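Letters A, B, C and D name the chains as they come in the text, with residue numbers starting at 1 for each one.
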Amino acid sequence: MDDLRKRARELLETSEVKVVIGYEQGTAGKTRALFVEKPEDTDKLIFDSRCVQNLAVYITKREVKDKGKMAIAATLPVMRSIIQLASEFQVNDNNLLVLGITPESKLVEFNSLTEVETFVHQYQIEIDARNKEMLDKLEKMTPSERWKFWTDELAPCFKCYACRAACPMCYCSRCTVDFNQPQWIPVPSHELGNLEWHIMRAIHLTGRCVDCDACYNACPLGIPLNLLTKKMVEEARANFGGYQPAIKGEHLMSTYKPDDKENFIQ
Amino acid sequence: MMDNLYMPYLMKIEKVTFEAPGVKTYMLKFINEEDQNRFTFKAGQFGEYSVYGVGESTFCIASSPTRKGYIECTFRQTGKVTNALSGCEEGSIIGFRGPYGNTFPIEEWKGKNLLFIAGGIALPPMRCVIWNALDLRENFKDVTIIYGARSVKDLVYKHELEDWKRRKDVKLITTVDPGGESPDWKGEIGFVPTIVEKIAPSSKDTIAIVCGPPVMIKYTFPVLDSLGFQDENIYTTLENRMKCGFGKCGRCNVGKVYVCKDGPVFTLAQLKELPDEY
Amino acid sequence: MADFEPRIVAFVCNWCTYAGADLTGTSRIKYASNVRIVRFPCTGRIDYMLLLKAFAEGADGIIVSGCHPNDCHYTSGNFHARRRWIMFRSLCDFMGIDTRRIKFSWVSAAEGAKWADIVNATVASIRELGPYDDYKRVAKKPVKEVTHG
Amino acid sequence: MNIDKRLVSKDSLEKLFDILKQNSKTIYAPATKNGKVSFSEADSFSGIATDYIQTTQSSKDVDFPRTEKILDYTRNENGMSVKGIDLNDIPEIVLWGVRPCDAMGIGELSAIFNWDYKDEIYNNRLSRVTVFGFSCSKSDEYCFCTSVGGNPGNTTGSDILFTQLGEDGDYLAEVLTDKGSAVVSLASGLFEAATDIEKGKYLADVPVRFNREEISKKLEKSFESGLWIDQSLRCLGCGACAYVCPTCACFDIQDEAHGKSGSRVRCWDSCGFSLFTLHTSGHNPREVQSQRWRQRIMHKFSYMPDRLSVYGCTGCGRCSRACPADMNILEHLISIQEAVV
């Protein structure tokens, strides 16, 4: 990704941006986030198929935002997250420059977020085959089998909240879980506390999740909690024709259509 | 029943005193007689007061150790537990765990002047040591109390302020923040640090005890410094987030110090050694 | 499970269904007493979390009811609620929560009889299903001594 | 003191497992789930995972469970009845397959839970646990037990330490405590006499990467240093590192009410969360993530050694393996050692 390094160096030398967020070599063959502030450090920037962490989680982080204008090396999921964050007024053209990396690993620089939006709208949010198959398998189960599946999967969860921390859409300064008046979600990680937490997470991400798997990759116990948000993507498509992150677009769960269809209200 | 560290004593609320808007004082008695007799504590120590089903909250024991048979606590209604606590009334059952933390070294202060400086809701930890000193009044030279609050109705322990005013052997100066005075207010008007500067108590052979909101403490220490007070002679209590109270849950760890075990009473000299993380 | 008396919690909107329930009473229509009614300003204010809390505290069935579309006192409360129920209900179904135990309905202030029918029908069907033990077992599960996966 | 060395053949290990089962011992052993190896109750010897370097979670969940009831209360007409939990109904547990760094961590947890005030709940649980340590024949670049006073064949904390002699070989069993010898007497047939076996040959090679005393001294002067900000930029502020760590003991106490009765529950907490030090007034002594990351390192490598004369890290490398942002603690410690302060 030499053109990424070259472009990042220029941006920092002309101080058009104060920090470039990209990937660098991590431990044991993994890659990790890198914050480049000095032009000479740009040669640590790398990009290959291992770079899947959603870097958009850092553009709402106080310590990074306060550095000034940011440039971010953004793959397609990261770009989707950026557009969804823009539609929720978290980032704008003054504090973010997007260095796009297309699915064919080609560098594309965008001058404005609307350009990123048009690029993102060329692709639909598609659930990958392996997870699609898992969703169908669960669909075929009876409710009590699904209940057993989910209570068993969620039982080991110890509420480290890595799924919340790794998700770009979870930028609230104080999460519902952190309130104790009322204590909506029990703090202890017993079975009820885990169930209510994961339901709340799926509901709060409905219509906002861009299906980037950051939550699943972050979970130290490998709990398939991304199936919940993927199911909500599927349901959004089935019931309301799906959604695409759009800067000026309507938000799925805070708008309605008078003729929304349903078959269970008497 | 092995002594479970987390098991509170059961206490009954004997008397409820309404001190100021949102501020109440509870007089608590042990339900179990032997607990009452075995229970001792020293000025400056705190406890964990629990409302079952809601949680626990940390405040100092506001009554003096010289008064036997009950303990008192004063709190402001702010968080989840204090809201539930202020919902209780006389006869309610709550829990109390303690006493925890270190104490004001009253023995060492014998033969010295005492200068108490308190602000707002921080009078309770001071009141405990004030009454303790006044009950042993002959051991100390003169006792000065400077107490300020945002407005007249925010002054706590109003009846006790009257007692201290009437006593000849105590010099009491009360003040309210500018604009907080009522028409017939006869006390000082001004922030506590400015009043301390105005009264300018002598620092010779004097121990200063300062408790109040962080902003008051921040501006009072330099005034005491200019009056010549040594750092080792200035005491304060540190209010950190606490949960267990016996040095295990890690919340109150500041530098090498666990505030619940090595505090909450610190001298200014000790505070200056702590990293700026409290 | 003939002798089982289910505990039903009804979350209703104040302007339509609650008024409808009043009408049921004033017109002396009998309906099952298993239902405990919780009044809300609007169905738009009924939080999905309250339904989960009801199950956690031991409810066997839930009724959620409010104004018909276009009748809402706040014009769009029930529209927002409908979209929320569609998504929440499919998530519950996906996780195996028994959606047969949650009845959604529109009952206007004039439909006293409909309210009685809905309550009776719900109580009968929940009595058939029996207590909601699956959820109670998770909710009341004592904090496992050693909580390994 | 010479350790009671025995030999246990490869297939009598399974017999040992069955004997323990017959004596109604609950056995917790590593098992694979969702592609991760964690301790869980083992019903069969075959279910025990063997091809792994380290479990995802440490074994502290057995002595210091992530969620644990500490008292029950009931409101009744003449006031309130509160009772502590009955510790006798905790089963006798055999912790099978504990790595030496986990076993070493038990000592550090006990130091915290017995500092001045004795935590009887923890001590009682610990007294019911028999630790079967298994030495490490493999390690990876996350491991650094040798830099913090441990080693792949360390006996500290284990009741019996098994070391496999070669790829498919028998086991050297070092019986270290009374609990260990109790197990030996339970299954004496399986523990044969051991000839003089040179254990080191079969252990993994873990290079020493830093000197912890030097780091502890350097930390004294680096509270204000800028390295905390650079190191913690990619930290996301979750609790994964604290919850998988064998020596993190910070906890929260929460009440749960259901009608007239309820319980008080102790559950894990992490200094990485902002809520950990947030005052009700809104004041938060640790406002940003760099202060919280600093607290994690300072507490383990400066405050604990100073106050409890025990380091808060056994070099298992779990926090780095579990971290979603690859905050590699070994790498950070090395950069602290090299930093000019």
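Going forward, contacts are C-beta pairs under 8 Å (C-beta built on N, C-alpha and C of every residue); 3 or more make two chains touch, one makes a residue touch a chain.
What you see is a predicted model; the values in this text were computed from it and never measured.
More C-beta pairs touch across one of A-B and A-D than the other; that pair is A-D.
Of all chains, B has its CA centroid at the greatest distance from the CA centroid of subunit A.
With centres defined as mean CA coordinates, subunit B is found 48 Å away from subunit A. With each centre defined as the average position of its C-alpha atoms, the distance from subunit A to subunit D rounds to 32 Å.
Between subunit C and subunit D, the centres computed from C-alpha atoms are 45 Å apart. Residue positions of subunit C touching 2 or more other chains, listed in rising order: 143-144, 147-149. Residue positions 33, 38, 66-67, 252, 254, 256, 265 of subunit D are each in touch with at least two other chains.
Under the contact definition stated at the top, the residues of subunit A that touch 2 or more other chains are 156, 188-190, 221. Those residues of subunit A whose C-beta lies close enough to touch subunit C in the complex are 138, 141, 143-151, 155-156, 184, 188-192, 195-196, 199-200, 202-203, 206-207, 221, 228, 231-232, 235-236, 239-240, 252-258, 260, 262, 264-266.
On the subunit D side of its complex with subunit A, the touching residues are 33-36, 38, 56-57, 66-67, 140-142, 229, 232-234, 236-240, 242-244, 252, 254, 256, 265, 267-268, 270, 273-275, 288-290, 320, 322, 324-326, 328, 331. Listing the residues of subunit C that touch subunit A in their complex gives 48-49, 52, 56, 69-70, 76, 79-80, 82-99, 103-106, 118, 134, 138-139, 141, 143-144, 147-149.
Those residues of subunit B that touch subunit A in the complex are listed here as 55, 79-80, 83.
Across the complex, subunit A meets subunit B through its residues 180-181, 183.
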